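Shared between the two complexes below is subunit A, which has subunit B as its partner in the first and subunit C in the second.
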Partner chain A sequence: MSRRPGFVLEVDRSTPPTLVWRGEGFGLETLPTGSRVIYAPEPVQPLEDPYAAIRHALLHPLGDRDPLPALLRPGMKLTVCFDDVSLPLPPMEAPDVRQMVIETVLDMAAEAGVDDVLLVAALALHRRMTEDELRHALGDRVYDAFAPNGLLTQHDAEDPDNLLFIGETAQGEEVEINKRAATSDLLVYVNINLVAMDGGHKSVATGLASYRSLRHHHNPHTMRHSKSFMDQPSSELHSSNWRMGRLIAESGVKVFQIETTLNNDTFPSGFGFLQKREWEWSVRDRAKYLATSATLGKTPPRLARQVLHSLRSPHALTSVQAGEVEAVHARTLEHVWAQQGVDVEGQTDILTMGLPYICPYNVNSIMNPILVACLGLGYFFNMYRGKPLVREGGVVVMWHPTRPEFHPGHHPSYIDFYEQVLPETVDPSRMHKEFEESFATDPWYVHLYRTGHAYHGVHPFYMWYWCAHALAHVGRVIVVGGDPRAVRRLGFSPASSLDDALEIASDVVGPSPTLTHVHNPPLFMSDVR
Partner chain B sequence: MSTLLFERSLPRFAAARVASAFGSGKGAGVGPLRLVERDEPELPAPGWVHVDPLLSGICGSDLATLDGRSSHYFEDIVSFPFVPGHEVVGIVRDETPGAGGTALAAGSRVVLQPVLGCAARGIEPPCPACAAGQVGNCGRVAFGHLRPGLQTGFCAETGGGWSSSGLVAHSSQLYAVPDALSDADAVTVEPTACAVHAVLGAPIEHGDVVAVLGAGTLGLLVTAALSHLSVAGRCATPSAVLVGARYAHQQRLARELGAGEALPSDQLARAVRRRSHSLSYGGSPGTTTTLSGGADVVLDCVGSPESIAQALAMVRPRGTVSLVGMPGKVTVDLAPLWHREVRLAGAYAYGIEPERDVHPAVPTFSLAFEVAAAQRTGRLVSATYPLTRFEDAVAHAGAAGRRGAVKIAFDVRHPGLGTERHGGQRRAGRRPAGPNERPARTSTQRGKGPAR
Partner chain C sequence: MASSRFGTDRLRATVRSARFPLAAPTWPTSVPRPDPERRVGLDYDHEWSRRYPVRLARAVVMDNVTRPAARLLAPATVRGVEHLEHVERPVIFAANHASHIDTPLLLTTLPVEFRHRTVVAAASDYFFDRTWKSVLWSFALAAIPIERSRVNRRSADTAAELIEDGWNLVIFPEGGRSPDGWTQPFRGGAAYLARRTGRPVVPVYLHGTRHVLPKSAESGGPPPGGSGTESRRSGRLRRSPIAVLFGPPMRPDSDENAHRFSERVEAAVATLSREVHSDWWQARRSVSAVAPVAGAERAHRGPEGSPWRRAWALDEPPARRGDKEWPA
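After this line comes the complex of A and B, so read on.
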């Protein structure tokens, strides 16, 4: 049976309740008659032989690049960089696609007699990965061959000895990236394109950059004018990265980009009902839903979090392309859209979304209130092309418990951001002017970022800037089931039920609004016309 | 005339201590405090006058005494039985010179400076501290023609503010209240003077990070004083004043009174760390325990073992911890104090504040009046009670933070009346049902709130 595309369901009296994520749990919600529910396309058929496909891509590069073996020679300096723990979501079942690609690259390097090889996790300002996470991403064979010898490193955006200033773009954007990568004879970047935002020049220009460089595009102005940053041609964020990437190329840094796409087979078989359409649930699916939701509902959040974060996704490789960055990325986006694109006619007054337990920045961690905002307004809101799903001045309704909980080791500056910045302002521009630099240069945050597993001190600001477009666009944000104080701290309105949320929303959108629900995850992108 | 009298009674003292284990202020009903009918105190010597209290506050030191938690240190510098109440605004009955020689007409509103120093005790020549105007440091508080008592409210001969039969005060203890100040503003002048003295005694420099631990009456008044005095040029201007306040209303008030940041007490160390650009060590990654740097000055307005330990953990090396809140016998690890060469200083009462730049030396109380007027410190008076409801009043004061209050006071203007403020509204109370009894331990009305 051929896979079915995504589609838009109009809720009528016979429509069963809709599954909605609520952090470390989920439930069924009855949406008003006439509402629209957008479902993701079914998973794209995976590549039958991933290793063969990877090898083929490396041997048949796109754009102005020679096949990888032709770029490898004895005595050269080779740096292999790869996306970090923030991708994919949830973490995929072994073998991870990075492992498959890097093993193939390393085999070719060995065949060519390349001795000087260094692996670099492209963290940007993310937290350092743990050994378990690195082993999962790279496999034991690669880890054990490189890590003990110090040849598996993680990019340190605060290490002045290992940063190289490349120059400035015509717009005055300073470009400073990992020195080892920039001075290598060949930089191979291994990417996972889970969403359209990833990849392209953003891989090197962001993943290997310093704060000095990142601040030129991770700021409220750029974010507000990225409409959306899931749509590269309309994204200021990407325009800046593209300028930087081209400058990096012009400076002589030779990048061999390897991009991969995954299908949206998100949950393991035991949780398969989570990505089915509700009216197609079998009796077994319903039983699993009842058992799982009841169990999670009675499980302390901490334990539920552990259970859910232990899930491994059956994501499978659907494409791999290698070569010159822009040529590669153009092909990658075609594959991403083939998997995730859904045509949607017209905008809505109210956009509703259930927020799951995980986002790119809380893998094996806690989804704190700032990340809740970022997932809803930064990611799900921006999963569009053309125009936002919700009309200007409309309302976003999100389900999430939004507990004021933080992982002190992973998100230390988030705690202070929540306690010391948000009470003062939720305006991205004001916090950018008044608070960002002191957090970005705070020596303790720098220390924890460099030596522990902490996100950089400035990271909570970036997460808030991620929301800037949505904050400027919508008239109100309502969180159903969230901790009222935490929700208010974010500048949003708390509601205890969807009915209450709709009542609150009526002040903004009137008594008979249109409503559209994004049935996420699995992830999809709305092509709004 | 009703008077609340604190008598020496070991069984009642023990009962109060036990009861206070269930919460500060719980011991008032079983402790040594009793409501009695009592005549006005006699004038002990020339230069003394009668003062009829209007409002009299319940202070943290009063609570410690009523809870049986007060330090044994004070045993030799108080005399029993005494009438508590040293935060007093009242009416002077007869014409008298006031502090500094200002004439006070009969019927004038006055605030009491309660320390019983050499002048009040008729000691000539005065001790060196009193001679220098530092009456709070008087070394003669157990001597002279008065029985021992460091302050009015702890001396058997002077009476105190918790009485409708009046108290006696030496002319050197009385300050005229400007007409612009309400009674509520005026009753906060004494604790404001303590706050002013603490702020001006702390070695605060321009650009310092200053942390204030606690946002009860004293913490809020310290915040108010620091804000006002730095603007007025009386003290240096810190780069940040960070206040640890447990309750939301305390945080709001702290911000209104000039705190740069007011946050839950358990968040204060994080804020201090960030403001002082410190590192932190100890505890799990990302948590804040001991700071490598820290605040230049920590004003501890709590005085508990926990707050002192917290202060020592967040002050910078060679910084200063000032104990503003009255501590008792505490067990604290002083290793950080030793290792970081921290100065630990007390801040008690008031006196003469030294000159600074263009500002001449001035009595602490004069500055306290300024602060009270500028910051409308009367806003901190959350509720007043009649003396007859002393158990409720003390219980309210003991749980002030939890109950959304700050300062609780006795209203002695109209025996039997009390008021409560809610959102700035001041409501007249009504007389509680039933007559006072003698002895009036059995309060005539019990309830959670003040008289209504």
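After this line comes the complex of A and C, so read on.
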């Protein structure tokens, strides 16, 4: 059967209840008649032979680049950088696409007699990956060949000895990136483009940058003018990264970009019902739903989290392209849109969304309240092209327990951000002016970032800035089933049920609002007209 | 009693009031219902029915339920089974077809070394049009779906692969049950498979099975209406003796095409049919090259004429024929 595109369902009396994520669990919600539910397209057929496709891409690069073997020679300095643990979501079943690509690149490098090869995880200000995570991303073969010799490293945005100031863009944006990468004869970047935001010049200009450089685009002003940051031509975040990327290229850094796209087959078969349309659930799907939802509902959140984070996604490679950054990324975006694009007619008064247990910044970790806001208002809200799904002044309703829980090892600065900054202000501009600098330069956070597995001290600010566009656009944010104190701390309104939320929303959007629900998984991008 | 009734009613009410996900989901009005993806007919995956546990279960049912029931229902006179003793397996059994009961009756009369290693070619449009029927016949008879209205490469490939895999095949070359008891012209499927696989065809004549389970009106008999005096026995099981006659295995000659070979198989079945009413010698003599009986090769197709005359000729007891010939 051919793949079905995404579509917009109008809820009627015959529509069964809709699946909604609620953090480490999920449930069914009956949406009001006349509501719309947006369903993602079905998964794109994966490439039959991923290794052959990767090899073909490396031998037939796009844009102004020679085939990879022609760029490799003995005595050269080669740096291979790769996306970190934040991609893909959930982590994919082995072999990870990074492993497949890097193995192919290293095969070619070995054949060409390249000795000086260094692998760098492009963390930016994310936490360092653990050995298990690196082994999963790269495979044991790569890990065992490079890590014991110190040739597998993780970018350190706070290591002055390994940062190189490239220069300033015409807009005065400072560009400072990983020195080893910048001084290599060839920088190969291995990307996973799970959503349209990833890849392009953002890979190097963000993934290998320092705080000094990142602050020029990771700020409230840029994020408010990225409409959306999932749509590169309309994203100020990307415009800034593109300027930086071009400056990096002009400075002589030779980047060979390898971008990959995955299909949206998100959950393994045991949880496959999550991504099916409810009226097509079989008896087995319903039995699985009842069993898993009841079990997760009765499982302590900590244990449920462990179970869910252990899931591996059956994501499969749908395309791989290599060569010059911009030519590659243009082709990549075509594939992303082919998998994720859904046409939607018109905006809505209320946008509803169930938030899952995972976002890019809590892999094997806890989804704290700041990340809840970031996932809903940063990611899901911004998954559009054209216009936001919700009208200006509308309401966003999210389902999530929003417990005030934090992973002390991964998110230490988030705890202080939650306790010290949010009680003072939820305004991104004010916190940017008054609080960001002190968190970004706090030596304890820097120490934890460099030596432990902590996100950088400034990271919670960035997550909040991610919400800046949505916060400026919507009239109210309501969290159903969330911890009331935590929800209020975020500046949102708590509600106990959807009916309750609609009642609260009526103050903003009137008594007969239109409602659109974002059905996930899997992820999709709305092309709103 | 009352409380039990009350409990049943409550259970029924609970079941009726169950909602999604306990009950099946309703379908949104705005979403067109696609044709259900039915893996039935030729698409039915019957591979499971030949796995060892299923074969074992089928053998248990066949030997302990179907076979005794068949003996009780249709006491069988079996002739020519000695032809199967030295034949190299697998073989293709080509039989005339007058009743749905033909298949189980034929299978239960096969020697044990054939019985549990035999698949049956069954009409995909009849036996495999529903999932439950597909499962039932695949299990009970090791049936495989074939296209009977036209030559289908997939059906032929499946049957040939199974034969090459060591499975005997029962096929009814008429392509369906006889409408009036007389044999219909044979189609070339059995002959084609014999030529393709190089396996012998064993002609089989089944006599009297239409009395055990007549063809019902619903399955192709006379149209509704009529005089009101039609038989009410059609489609019901009745106890009646039957005869199963196996002929010697046949192989196509090197220069014989499937059509010619099929005619020869049909003639062999016709000879067996005459054997029912006389004996082996008379039947052989009737088609001998020296003194053939006029029309003997086509006698199994019945006389030309009106339906009642065909029916009359069909049911004429052998004793009233008066044409018995003693061996010379």
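Everything that follows uses one rule, which is that the second predicted complex is superposed on the first by the 529 of 529 C-alpha atoms of A that agree within 3 Å, B and C clash if a C-alpha of one lies under 4 Å from a C-alpha of the other, contacts with A are read in each partner's own complex, and residues count from 1 in each chain.
By definition in this document, a contact is a pair of C-beta atoms (placed from the backbone, for glycine too) under 8 Å apart; a residue touches a chain by one contact, two chains touch by 3 or more.
Everything quoted here is computed from the prediction, not taken from an experiment.
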Quick one: subunit B and subunit C on subunit A, clash or fit?
fit
Which partner does A:L290 reach: the first (subunit B), the second (subunit C), both, or neither?
second
Just checking: does A:W281 make contact with subunit B only, subunit C only, both, or neither of them? Give me first, second, both or neither.
second
Quick one: classify A:P16 as touching subunit B (first), subunit C (second), both or neither.
second
Under the stated touch criterion, which partner chain does A:D416 make contact with: subunit B (first), subunit C (second), both, or neither?
first
Which of subunit B and subunit C A:A454 touches, first, second, both or neither:
first
With the two structures laid over each other on chain A, which partner does A:D442 touch: subunit B (first), subunit C (second), both, or neither?
first
First, second, both or neither for A:H407, with subunit B first and subunit C second
first
Distance floor for C-alpha atoms, subunit B against subunit C, superposed on A, in Å, equals 43
Touching subunit B and also subunit C: which subunit A residues?
none
Taking the touch rule as given, give the residues of subunit A at its contact with subunit B in the complex, in rising order.
407-412, 415-416, 419-420, 423, 438-439, 442-444, 447-448, 452-454
Flag every residue of subunit B that touches subunit A in the complex, lowest number first.
261, 263-264, 267, 270-271, 273-274, 277-280, 284-287
Can you tell me which positions in subunit A touch subunit C when the two form their complex?
1, 9-17, 28, 278-281, 283, 286, 289-290
What part of subunit C is in contact with subunit A in the complex they form?
20-22, 24-31, 37
